[in-house]
Amino acid sequence: MKPKIGVMIVGMSGATANTAIVGAIAGSEKEKTLGSIISTQEFKDINFISDRQIVFGGWDIVNKNAYAAALDYEIIPESIVKKQRRKLTNLYPLPGISTNYDVSETKSSDHCIQTDNLKSAIDKIKNDIDDFRARERIKTCIVVYLGPPLKQVDRDFSQVHKDDLEKMILDNSSYITSAMIYAIGSIKSNCGFIDFTPNITLEVPGIIELAEEYKVPVAGRDGNTGQSLMKTVIGDMFRIRNFKLEGWYSTNILGNNDGLVLSRSEHRKLKMQDKLGVIDPIVGYNDFEHVVDISYYMPRGDNKESWDNIDFLGWLGLSICMKINWIGRDSILAAPLVLDLIKHLYHSISNEQSGIQEHLAMYFKHPLACGVLPFTQAYEKLKTHYGICSDEEER
Amino acid sequence: MKPKIGVMIVGMSGATANTAIVGAIAGSEKEKTLGSIISTQEFKDINFISDRQIVFGGWDIVNKNAYAAALDYEIIPESIVKKQRRKLTNLYPLPGISTNYDVSETKSSDHCIQTDNLKSAIDKIKNDIDDFRARERIKTCIVVYLGPPLKQVDRDFSQVHKDDLEKMILDNSSYITSAMIYAIGSIKSNCGFIDFTPNITLEVPGIIELAEEYKVPVAGRDGNTGQSLMKTVIGDMFRIRNFKLEGWYSTNILGNNDGLVLSRSEHRKLKMQDKLGVIDPIVGYNDFEHVVDISYYMPRGDNKESWDNIDFLGWLGLSICMKINWIGRDSILAAPLVLDLIKHLYHSISNEQSGIQEHLAMYFKHPLACGVLPFTQAYEKLKTHYGICSDEEER
Amino acid sequence: MKPKIGVMIVGMSGATANTAIVGAIAGSEKEKTLGSIISTQEFKDINFISDRQIVFGGWDIVNKNAYAAALDYEIIPESIVKKQRRKLTNLYPLPGISTNYDVSETKSSDHCIQTDNLKSAIDKIKNDIDDFRARERIKTCIVVYLGPPLKQVDRDFSQVHKDDLEKMILDNSSYITSAMIYAIGSIKSNCGFIDFTPNITLEVPGIIELAEEYKVPVAGRDGNTGQSLMKTVIGDMFRIRNFKLEGWYSTNILGNNDGLVLSRSEHRKLKMQDKLGVIDPIVGYNDFEHVVDISYYMPRGDNKESWDNIDFLGWLGLSICMKINWIGRDSILAAPLVLDLIKHLYHSISNEQSGIQEHLAMYFKHPLACGVLPFTQAYEKLKTHYGICSDEEER
Amino acid sequence: MKPKIGVMIVGMSGATANTAIVGAIAGSEKEKTLGSIISTQEFKDINFISDRQIVFGGWDIVNKNAYAAALDYEIIPESIVKKQRRKLTNLYPLPGISTNYDVSETKSSDHCIQTDNLKSAIDKIKNDIDDFRARERIKTCIVVYLGPPLKQVDRDFSQVHKDDLEKMILDNSSYITSAMIYAIGSIKSNCGFIDFTPNITLEVPGIIELAEEYKVPVAGRDGNTGQSLMKTVIGDMFRIRNFKLEGWYSTNILGNNDGLVLSRSEHRKLKMQDKLGVIDPIVGYNDFEHVVDISYYMPRGDNKESWDNIDFLGWLGLSICMKINWIGRDSILAAPLVLDLIKHLYHSISNEQSGIQEHLAMYFKHPLACGVLPFTQAYEKLKTHYGICSDEEER
C-alpha cells in the first residue's frame, strides 16, 4: 500500500491553497494533469506520489472549512467541489500565528495567536505538526507557506547564521516574522518546507543550516506563475535573437485577497523585488526601463489579468513593440505548481536529499541558490536532476 | 586581405532585400548587430564574414536602384540611407524571369523575361551569375531567394528526383516555377542557395541531389520572423508547462507588397501552410483550432502588425487566455536573418559542407530535413553545429 | 388585465432567439432591464408592454424545445434556465421553410419544408400564424426574423414593387428567398415584422407597400449590437473632433452557428455590406481603408470577440492609433434589443402606425429609410418620436 | 487688416505649449485643421481668428528658444520645424515665478523667481504682460496656463471670495500657488485666461469675481484630450444602452516631463481627481470600481499610451468586457485644443462676454460651472452658443 503524506499549508483558506486542496481531492485525474509539469510524458518514468496519497491540513486566520471556502471563491466549478462535500467540510484550519510584519487582517483575527514569546510560537507550530501526524498516523510531512506577503523587514538577514538566529529567538527579536517561525518550527519537526511567496525565510542562512541539520529538503522562493513566467520565456528569446530591450511595462489587475494586500505599499515591496528581478539575469543587462504595477480591481476577483507593453530594438536600432494581455485565474495557475512541488519534495525526502532543492528553480520567480534562469534552461536543469535526457539528445 | 563574397538576391528591389542590402552597406556596425543571432556573445569565437566583405547584386522585375528603392520604402531612416548614396545608386537589378506561377505584376513587367524554354531560362541565370562573378572579380557566390510567394503548383514534387527534373526541364514542363529555375541555375553555377520564402524549391529531391552533386550548401524554407517565431517560443512553454492548447487565432495586417500578394488566395496557400504548420510539431497534437488571417491594410505599410488570441486549458480544465499584439517592421525583423544566413552559408562553403544545412533550422518556419523545432532546441542545434557548449553546460 | 401579445420568431432555436425567449420567461425583472434601452429612466413614462405579456412561438429547422436548447447553448446560467423548466420544455418550433438561398443545414433538415410553390409556402406561414393566434387566444402578433444569413440574391430588388412581387410569387421565381416568404406571410397575416438580420426583405418596395396596405409596422435591418455600435459611437467622435480616419481594421472571432455560416463566403456578403457601411455616412467620407474579417473559431462559442485597429490622423497630419478588444456574448447583446423592438412595434401597432418605423434606426446596422446615423443622433431620434425632451433641453 | 492677438503661455517651453506654438507658426494650413473642432464644416460660418493673427510669448523655467525646444522634443517632424527657423529661434520665454507648491525643478531653476512677496509677483506678471503688449503693439492678450501640475493645496478655496483673496495676497499667505498668481496677474492686466491643467485657479470664487470685474472671459479646467475624452464618449453609450459599469481600469504610460511630474504622488492628486471624476456624472452612479494609474515610462517619450479595461454588465447581469489601447502623442492631441480655446476666448472678448465661458465644457475634463457632460451633449452646447443648429434638426 502506498504511504500517506501529510501536507500542512500556512494560509490554507487562501485562494491558491484552497484551490490546490479542493482540486487535489475532488478534481478528475485527467484534468488534474493539466498545468502540472511532472504530468507530461517526459516525467512518466519518475515515481511521484499521487494526489490521493496526500492528507491535507494547515493553519489560517480565517476559520472556514475547505468546502465553504471553495464555494465562496467560485474558482473551481461547483459541480466539482460538491463531489467531495463531506471530506472538504471536515477540513478546518488550525489558528495561525502573527508578528508585527503581518497584514492587519491577520493581526486582528481571533483565529490567530499573536505572541511575544517566539520560542512558544515555534513550539506551537511543532505541536500542531505533531498532533497532525499523530491524528492522521502519518510519518512524512511537508509544510507549504502560502500566506499573504508580509511587510518588508528592516534588517539584513543575509549574514544571520544559525547561532545568531537562535539568539534572536531567545531575545524575542522584533525582526523575526511569522513566516520565519513557521519555517523554523516546520524544519525542527523534520518537515520539508516550501515557500511559495516572496517572503524572506529560506534566504536566511541560519534556516538553511537548520534544514541541513535536520536533513530536510526546502524550496523557494515565490511561485513563477503567469507574467513572470512569460518574462523568463520571452526574455530568453530576446537574448537569443539579440533584440535589445528598451522597456518592459507590466500592470496587473486582480480583485482577490492577494490583490488587496499587494495594493498596500508596505506589503508589495518584496513581491515587486521578485517581479522586477526576473529579466536582468536573463538578458544580461539592466539598462532598460522595467515598471511593474499591481492594482486591486475588484471586478476581476481571482481572475487576474495582466497587460505588458514591451519595447525593444531590432536591426539598425529600429523599434519593435509587443503587447501581451494575459487573462487567467491566478489560483489555477499556481495550484498545480504547489502540488508538483510537494511531490518533488517528497521525492527528495525519499532520496535523503536535504537543503535547498536547486533543481526546482523553474517553479520560482526568485530561485534560491542558482538565481533566475531562462525558462528552458531551468527546465533542462529539472530534467537533468531526474536523469531525463534533454529534448535535443532525444532527437 | 579578406575575400569578397558575391550575394545575388532574387527580388532585390523588394522591401526585405533592399533593407538587407542598404542596411548592410550603410548601417552602423553596432546597430547592425541587433536582431542578428550570430552577433551575440555566444558566437564570438566563430569566424564569420563581415558585411563589408559582401558584394550585392541580383534580379528584380522593378528596375529601380537600391537608393531610390530605400527612399521609397521609408523603412531605414533617410539619414542612414544617404550616407552611402553613391554606392547604392549604382546598385541596379538585372531583369528577372517568370513562369505561370508568378504574380501578375511579375508577368506583366517589362523588366522580366517570360520564357517558354526552361533550359534557356536556366542558362540566363547562369550567365547572369557568371557575368556578376567576372565583373566583381569574385569567386564565391550565394543566391538568396526573396521573391514574392508564387501560386501553389498543382503537382506533387516530393518524388521528383534529378532525372525526372532534368526531363521536365527538357520537356518545358508547365509545372516548373521561376523559383525552381533560380535554384537550379544557381546550384549549377556552384552557388549556395537560400530560400527565405514559402515556395517549393529545396523540397524537390532532384534539386537537393543537384546541390550534393555540385557540392553547394542550401538552406530553407520560409524565414521565421515574428508571429511564427513567437509560436515556436510559446508553443514550447505550453508543452513544458502542460497547458492544453484549445485554439490559436492569428491575424496579420500589413500594407506592403507582400501583404498585397498574400491577400490573393492563390498566392497565400503555401505561406498559410507554413504558418499553420509551426505549432503541431511543438505541442505534439493537432486537436486545437488554428486560424491564420492575413489582410492587406494599406495604412500599416511595411509596419506589419499582428494580433493573436490564444486559448488554452490549465489545471482542472479551466480556461486561460493570452493575447499578443506585435508591431514591428517586417523587413527589419527579416533583414538580419538574411545576412546571418549568408554568413552561415559561406561558413559551410569554407568547410566544404553541402546539401541541406540542417543546423539552420531556427531561421525557418518550415526547416528542411529536421522539421519545426521548439525555439531553444533549434538554437541548441545551431550552437552544437559550431561546437558551442550549451547554456546549461556552461553554468 | 393586460393583453397578451404573440411573438413568433423565425429561427427560434438559434442562440439569440433562444436567449431572448428564455431570458424573457425566466430572467429576473431587474437584471432584464440591463442592455435594454427602453428600461432607462428616460423612457419611464412611456407605456411599453412587459415581458410577461409576451407569448412566444415560431419556426426552426432544429426541432428542439427551448429548455434543451438553452442548456446546450450555456449562454444563460443553468440556475436561471431551470426556474422555468416546464414552460420552456413545452416551447417547440414549427417546421421552417427554405429556398435555394438558405444554408445547406436548413435545406437538408427534415424539420423544414422546401417547396417549389411559393404561394403555398406563404399560405403555410399564414396558417401557422392563424393556428398560433387561435391556440393562444391572441389578437396581436409580431414576427421577428432571426434566421441565419442567406446567400446573396443575384437580382436587384430595389425596383420590385407590389405587382411585380405578386407576379414573381405566382411564377415561382427562383429569386424569392425564404426570408421574403416569412415577411410576406407575416404581413398578410397582419403581423408586425422585424428583420434583425442582414437579409434583403424590407428593402423590397413591394413588401413595404404590402405593410402599408395591411397597416402593419415593420423595422430593420441587421441588429446593431457590438462592433458596429462602437463604430457609430467612435466614428461620431472622429467627426466632431475632426480626426481624419486612415484605416479601420476589424476582425471577429466566434464559434457559434452564426460564425459557421458567416465563414462561408456566399453567406457573408450581405453581412459584410452592412458592417462595411456603418462608418462612411458618419464621418462623411470614404477615402480610408475599411477591412472587416469574420472567422469561425470554435473555442469562443457564442462568446464573440472582436479586435479593431483604428488609424487616424490628428493635428499636423500626425498618426494616432486606437485598438479595441471587445469580448461579449453576442446573444446577450442582441436579446434585449430584440425584446425592445417587439415592445416598440407593439407600441406602433397600438398607435396605428404602419410601414417602416424609422425612429428605431439606432437598433440597426443598416436602418431602413433614414440610413446610418451617429449613435447619439439616432438616440435623439428615438426620444423625439416618444416626445421625450433631449438631454440638452432638460439641463 | 486683421488684428494681431497676443497669447502668453505659462510653461511655453513644455511639450504641449511648444507644439502648439511651433505648429501654429510652421504647420501647413490644411494639416492644422486636423484635431481642431472649430475647423469642421459645422463652424465654417463663425468668424474665428486665424493662427497667423496670433503673436506668441510667455514664461518658462527652461530658458530655451522655441526652435531648440521643438528639435529636442521630436514631436513635430524636423522638416516642418525648420520651415520657420528664424521666427522660432527668436521666441524665448520670460523667467517664471514659483511658490512652495511648484515641482522641485521649477523651484531650483535659475530662470524662475521665487518670491515671498505675492503682490510683487503679481506685479511682475502684469509688467511682463504690459511689456509684451507694448513690444508687439498688441491690444488684446490671452494667457494660457500650461505649467506642470502643482502640489495639492491643503486648504479649501471654495469659499474664498475676492476680499479674502486680496487679504491673503497682502498677508503673503503660503496657500497661494504660482498658478493663482498667474491667473490674478493676467486678469488684472485685462487678459482672458485659460487653465488647461488640473490646478485650482478658476475654481476660486474670488478669481472669477475678479474676471467679472475686469470683464475678461476665462475657461477651464484640465484639457480633455485622450483617455478622458473616450470616457465621456463611451460612458454615454453605456448610459443610453443601459449597460451597468462594474469597473474601469485605466493605465497610462508616458515618458515626457508631464509623466515624470505625475509619477510623484504629491503632484498627481489633482490630475487624478479630474481623471477619476469624468465617468460618474455621465452614467449617473458611482458604485463601480474606477482605477487610474499613471506611470513614468521613458521609452514612450511624449508618445503616450493608455490601456483601459472596462467591465460592464449586460442583459441578465452577464459580463461584457472591452479593452482599449490608445497610442497617440499627447501634445498632438492637446495642441489643437489649446489653439481652439484661444480662438473661442477671443471670440468671447470680441462679443464682450466675461467670466466662465461655460460653452467650452467639451474641451475640459472638469468643466467649470456646468460639470462633466456626455461628449455629444457638450458638443451641442458649444454649437448652441454659436447658434449652429443641431445635427438632428439639420436632417
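By letter and in written order, the chains are A, B, C and D; residue numbering begins at 1 in each of them.
Quick note on the criterion: a residue touches a chain if its C-beta (ideal position, glycine included) is under 8 Å from a C-beta of that chain, and two chains touch if they have at least 3 such contacts.
For clarity, every value in this text was computed on a predicted model and none was experimentally measured.
Check every other chain and keep only those touching both chain A and chain D; list them.
Chains touching both chain A and chain D: none.
Measuring from the mean C-alpha position of chain B to the mean C-alpha position of chain D, what distance in angstrom results?
51
What's the distance between the Cα centroids of chain B and chain C, rounded to whole Å?
Distance between chain centres: 48 Å.
How big is the gap, in whole Å, between where the Cα atoms of chain C centre and where those of chain D centre?
Measuring from centre to centre gives 44 Å for this pair.
Where in chain D do residues touch two or more of the other chains?
Each of 323, 325 in chain D touches at least two other chains.
What's the complete list of touching chain pairs for this entry?
Every pair of chains meeting the touch criterion: A-B, A-D, B-C, C-D.
Which residues of chain B touch chain A once you look at their complex with the stated criterion?
23, 27-28, 31-37, 39-40, 76-77, 80, 229-230, 233-234, 236-237, 239-244, 313-329, 332-333, 335-336, 370, 374-377, 379-381, 384, 390-392, 395
How about chain C: which of its residues touch chain B in the complex?
246-247, 249, 251, 253, 289, 291, 293, 295-300, 305, 307, 309, 311, 323, 325
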